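Just below sit the structures, each encoded as structure tokens.
Here come two complexes built around chain A, the first alongside chain B, the second alongside chain C.
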Partner chain A sequence: MTDTSTPGKKTDWASPQLLAKVAQRQRAEKRFRRLGLSAIVIALAMLATLLFSIAGKGYSAFYQTRLVMDVTFSEAVIDPKGTRNEDDLRAAGYGGIVRDTLRETFPDVKSRKDLRELFALVSKGAPMQLRDMVLDNPDLIGQTVPVDFIAGDDIDMFNKGFIPRDVPEGDRRVKDMEIAWFDQLDAVGAVKMVFNSTFFTSGDSREPELAGIWGAISGSFYTLIVTFLISFPIGVMSAIYLEEFAPQNKFTDLIEVNINNLAAVPSIVFGLLGLALFLNVAHLPRSAPLVGGLTLALMTLPTIIIASRAAIRAVPDSIREAALGLGASKQQTAFHHVLPLSMPGILTGTIIGLSQALGETAPLLMIGMVAFIVDIPGGFTDAATVLPVQIFLWADSPERAFVEKTSGAILVLLGFLIFMNALAVLLRKKFERRW
Partner chain B sequence: MQMLADVTTPEIEDVEAIISAKDVSVFYGDKQALNNVNLDIPANQITSLIGPSGCGKSTFLRCLNRMNDTVFGCRVEGNITLDGQDIYAPEVDEVLLRARVGMVFQKPNPFPKSIYDNVAYGPRIHGLTRDKDELDEVVLTSLEKAGLLKEVKDRLNATGTGLSGGQQQRLCIARALAVQPDIILMDEPCSALDPIATARIEELIEELRENYTIIIVTHSMQQAARISQKTAFFHMGEIVEVGDTEQLFTNPRDDRTQGYITGRFG
Partner chain C sequence: MSFLPLVLVLLAMCTFGYWYGSRRAMAQTDSSVRRVAVRPHQFGLYVAIWGLVPPVFLIVLWGLFQEFGSSLGPALFDQIRTIVFPVVTLLVAAGGLYVSIQKINPALKVRKTIETAVYGVLILASTLSVLTTVGIVFSLLFETIQFFDKVPLSEFFLGLEWSPQTALRADQVGSSGAFGAIPLFAGTMLITLIAMMVAVPLGLFSAVYMTEYATDRFRAIVKPILEILAGIPTVVYGFFAALTVGVFFRDVGSAIGLDVVSESALAAGVVMGMMIIPFISSLSDDIIMAVPQSLRDGSYGLGATRSETVMKVILPAALPGIVGAVLLAVSRAIGETMIVVMAAGFAANLTANPLEAVTTVTVQIVGLLVGDQEFDSAKTLAAFALALVLFVITLSLNVIALIVVRKYREKYD
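Take a look at the complex of A and B:
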């Protein structure tokens, strides 16, 4: 229509040059689509490999070998005075009972050295196991009942097939003798595989079969609570102020640039800051979720501010004008309309920030949350560790049995992360609005 | 042109001016958007502001309820009085001013809340009603006045954004009415609507004239001719001509007005 300069000259859309051009364009599109598809396939394959390898190594951490043996809760050992006083029951020599039980089950074992091997069949936690049973139910005293002993970690590994029988005896941690005892128990059906509730209910331990992630989960929980309580209000308020109230000038530009830079600062630097500020200046307790949470809050703040600002900016100006036009003040406009409308986006950003914080290890190393902590933390100032640090600690342990614990803990951590991210997606889907 | 504008003013002097703008200039940063605009808005009449895009008519409208204050870098010079009081005086609370001078926007912008909450929002923040019953009444009368009540009375709790475009715009008008303003500013209220919805809104605007002073910015000269009593023609940030609508459309004094209303430019 506009091309009036060359009247009469018509484009020949069927000419070989143009057809070649079309074919070339179609090839380019196909090529690009194939490249994109292969990129996705490669990424998925990597992810699948990762998940399968962790799940393959880790699932056995959720099971545990138990050895069933008849235990005589001898009154003479546990409560010679017959008072049933709780303190006496607590202090009794349950180790002797465990040893007696093993000796009775395997009467042929005589030599000191063999006996030591024999006693290692069950976990070092076996006396505690018996003590807890007695404290729970003092009527057991004087009775003989079958008890599921937690197997020692080597036997557990052997039972799970990680220690093969066919390698020379010198090369494996489980000796022929122990295998014979194990087989003997197995023959009478005294070997059981049960769900490993210890793994989910206890804290860390030097003994792999007694180690659990509950301490780390509690630590992570307290830490994240602190992180959320600090970073969410401050982050959201900063974002609202910067978006809705602050004048646009060099100073606010500088703040904006710095917030974006902070989001890219390596997390270990935040750990150093936390160390300097919270421990050395404020003298807060070392290794505590309070300090961990504060440190992670510093790290999460930029993420939350950036996500919140984006969410606030996405609220159309027409809504602000509508409210202002009705005589709402700026603050009323921000809190009655803009904030509720941007809340899904803000929450999504917050959850993603928190899930980053949940997976963070480096800054916590700096403030002493890397310590070996057996007790389950009961509050914000108790010494604690967190899931990723627990994984780090276990991955560092030499015992074979910690390999599966490490992978098991990774599975649990991934589970939490997937749960949180799914929550973020759900929130976004649920509250998504059309204007 | 200043002169012409002044000349036309006396003809409508018989009606009391509720808003009076004197030598109003508006700057966005370094850019001047309005240059020495003088305009009297008669009470209980419909005044329409017409002119090509970018001529400053919306800018002028937004000066009247100080919506320009929210625009970064915007500066207003001159004097605008509402009932004799300078609205840019330091002691004036611009938030309260906006309650007295309501505004309806180009694109229907109901809050993504229920129809009821949309209308009730203004009375709620200003504390205009004492109890729920009173609020209910204000909401229903406002919807009634906006001619929307019949269509929505069974679904007051449905979301306002689910209405059709025309209904949404009437909801916005009802929302503005609920604050009981004296003046309603309308910034091209029909430009996003189909002809039937437009006709309904125009009807409504004419009904509202009885109780409110209405200033409407419009791109449609037919609309200005149909509904308004007074028309001001803006061009390049100045008022070229202002006068009775009939006179301005049938017998414009200025060549540019003539050119614009006959469609030669704009």
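Take a look at the complex of A and C:
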């Protein structure tokens, strides 16, 4: 360009050099455009890989292998006295019944070692399963009925195809013998795939086939309640103060700068604060949703304040002036007029803040919510864990079956998050007003 | 009387005060009088405030007093705690209720009292965030000072060896504990660097495409999808990094003859970068949008193509803002915990090779504090020292970034 545009000399725009230059610049333009598009495509591909890899690993957690076998509820074992006393029924030796059932179904298995393998065909929870059946319906005693046993985790993995048949026996967890038994059951139609209700109704367990997420979901629920009860009122009150009442001075500046910085403090630091403040100074119980909720509330507070302030600021001044003009005090204006009008925006921000809190793991590790907890928490001070922490714990477990459970739990967690965010979007769409 | 019943009794008393105050105000108002500046229930609130504020004040004082009150001797302290304190609190509440009920008459300026009380509560609520910061600083500082009583500053900031397992018994061999944090800082920097190398180009180019090229429809659909990346919990990224990406890099490495461990810094860094993409893209999006249209028009008017405009006009103009965005992203990457806990190593390893396992500050904090804790061992205290370093670094990065972004905004406002 420069050599042809010297002053006095007319530029020949049709010259081959210039045309070539223009073509080159247009190619560069196209390249640049493609580069931008490919950045987006790569990012989206990463997201898709993440979601598909987890969905692919996790969908099988929602169903479960059951083995159907005829069980004789022998009265001599369960209730020798014949009293049908509930405590006796509870204490009876159901393990023996499970073993007898397996022995009867596979009469050729004799050696001690083989028998141990055989008993591992069904879950370690099988005796409990029988016990619950008997407690539910004591008339079963003395009868022989087909029972759906939950399969052991290895058999479950084998049936779902995660343990292939064609690898050498030494390299797989399910031995040839077990496969033979399994095929024998399969041949008579005694292998079923059913919806895995255990996964949604039970707490954590060392046995993958008995582990469920209900304990973690309850823990998350209690934790979020505490978080909401603390962070919502305090967040809204701070936002109202800062937007409607705060004088322009150093202290207000301090609060504002401080809120912005708190929003960027790493979450794990809040965990250490919770550890030092709530556990070591206030002596609240470890691992409790109460402490987790308080810690997460401090973390969520800046998000809620920032969102609420934006919502309050969006209410036009004419509303305030009208209220003041009719004789309302400043507080009446704020609480009777501005606050209701900004509520949809505040709620949207709160839901987004809570969904962040729901997915948060690191601070909860610091306050001991990582314990192995079987019982379903029933209150704010019971030891509990939350869904993300449960995912973290299972991700650490070596059993193949826990990979499936982890991914399944992630799918459930993502489901909750999608629900909450959809709710926030819906709220905004329905109630958003533009003045 | 323990704490919870005391509070319940207090609340019951105030509810009664509210009801009685409202009734009494109602009785005093002449029904023929139409102009009532204050409504009866506000008298009720007035009474309730008088019944609640003094005892709450007392309870707070008591909470502070409890910290050193035990020096009075356990028997006396116990008596004060179980008998004197509740009785005094309830008497004060009753006194407040009684006095305020006596004061009720239509001329009383009740609204002012109520509004003062509400104003006080609002100020208290907004002070909580400041108190949180103060709490963070003090809780970290307190333990950190104790830590540096046991381990010299120079060892922590200059030492090259990190093995925090202190001896259980004094005569145990090889477990004296070393607290040189350099390998952790180096590991954190390595993973952050990898994350930035993924996130900055992808995020920036997405933002440029979104603002300068994309149609409104494309933008409306793709932008929210990209933001999903920011909403996915970090524990999910951690699982993905450990189980899918780490294994993938290891397999690729062994296929081309490279030795890649499955807990490589590369896997953790790439997944962390993936998480940060929407952070950078939406921040840069705002910043590029804020570049005045006149600059673009000028450039187009001189015959520049779009890409030339972006590279030579828009990006240089937006550079300070983008630097601010990148700094914010760096601070987020440094503080990120779950991805590295699940996908990076635990052993301290001083290396710049992204194919090896490194550990980070956050990984060590988690490693030191999960499980049994004794609060006087250097091992536990080290976690607080690391957290203080983390806090100071992320805070300074944020402050710098905010200043840069603010300066930039002022330029074009």
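As a working rule, the second predicted complex is superposed on the first by the 395 of 435 C-alpha atoms of A that agree within 3 Å, B and C clash if a C-alpha of one lies under 4 Å from a C-alpha of the other, contacts with A are read in each partner's own complex, and residues count from 1 in each chain.
Operating definition for what follows: contacts are C-beta pairs under 8 Å (C-beta built on N, C-alpha and C of every residue); 3 or more make two chains touch, one makes a residue touch a chain.
Every value quoted in this text rests on a predicted model; they were computed, and no experiment measured them.
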Touching partner for A:55 - first (chain B), second (chain C), both, neither: neither
First (chain B), second (chain C), both or neither touched by A:298: second
Partner chain in contact with A:343 - chain B first, chain C second, else both or neither: neither
Partner chain(s) touched by A:89 [first = chain B, second = chain C, both, neither]: neither
Chain B versus chain C as contact partner of A:247, first or second or both or neither: first
Touched partner set for A:321, first chain B, second chain C, both or neither: first
Partner, of chain C and chain B, that touches more residues belonging to chain A: C
Which superposed partner A:264 touches (first chain B, second chain C, both, neither): second
Partner chain in contact with A:120 - chain B first, chain C second, else both or neither: neither
Chain B versus chain C as contact partner of A:329, first or second or both or neither: both
Residues of chain A contacting chain B in one complex and chain C in the other: 329
Chain A partner contacts - residues on chain B that touch it in the complex: 65, 67, 70, 72, 95-100, 102-105, 107, 109-112, 121-122, 125-126, 161, 172, 175-176, 179
Chain B-touching residues of chain A, taken from the complex the two chains share: 247-248, 316, 318-330, 332, 336-337, 341, 433-435
Chain C residues within the chain A interface of the complex: 111, 115, 118-119, 121-123, 125-130, 132-133, 135-136, 139-140, 142-143, 201-206, 208-210, 212-213, 222, 225-226, 228-229, 231-240, 242-244, 274, 277-278, 281, 305-308, 310-311, 328, 331-332, 334-338, 341-342, 362, 365-366, 369-370, 375, 383-384, 387, 390-391, 394-395, 398-399, 402
Interfacial residue positions of chain A with respect to chain C in the complex: 25-26, 28-29, 31-33, 35-40, 42-44, 46-47, 49-50, 53-54, 57, 233-234, 237-238, 240-242, 245-246, 254-255, 258-262, 264-270, 272-273, 275-277, 280, 298, 301-302, 305, 329, 331, 355, 358-362, 365-366, 370, 388-389, 391-392, 395, 403, 406-407, 410, 413-414, 417, 421
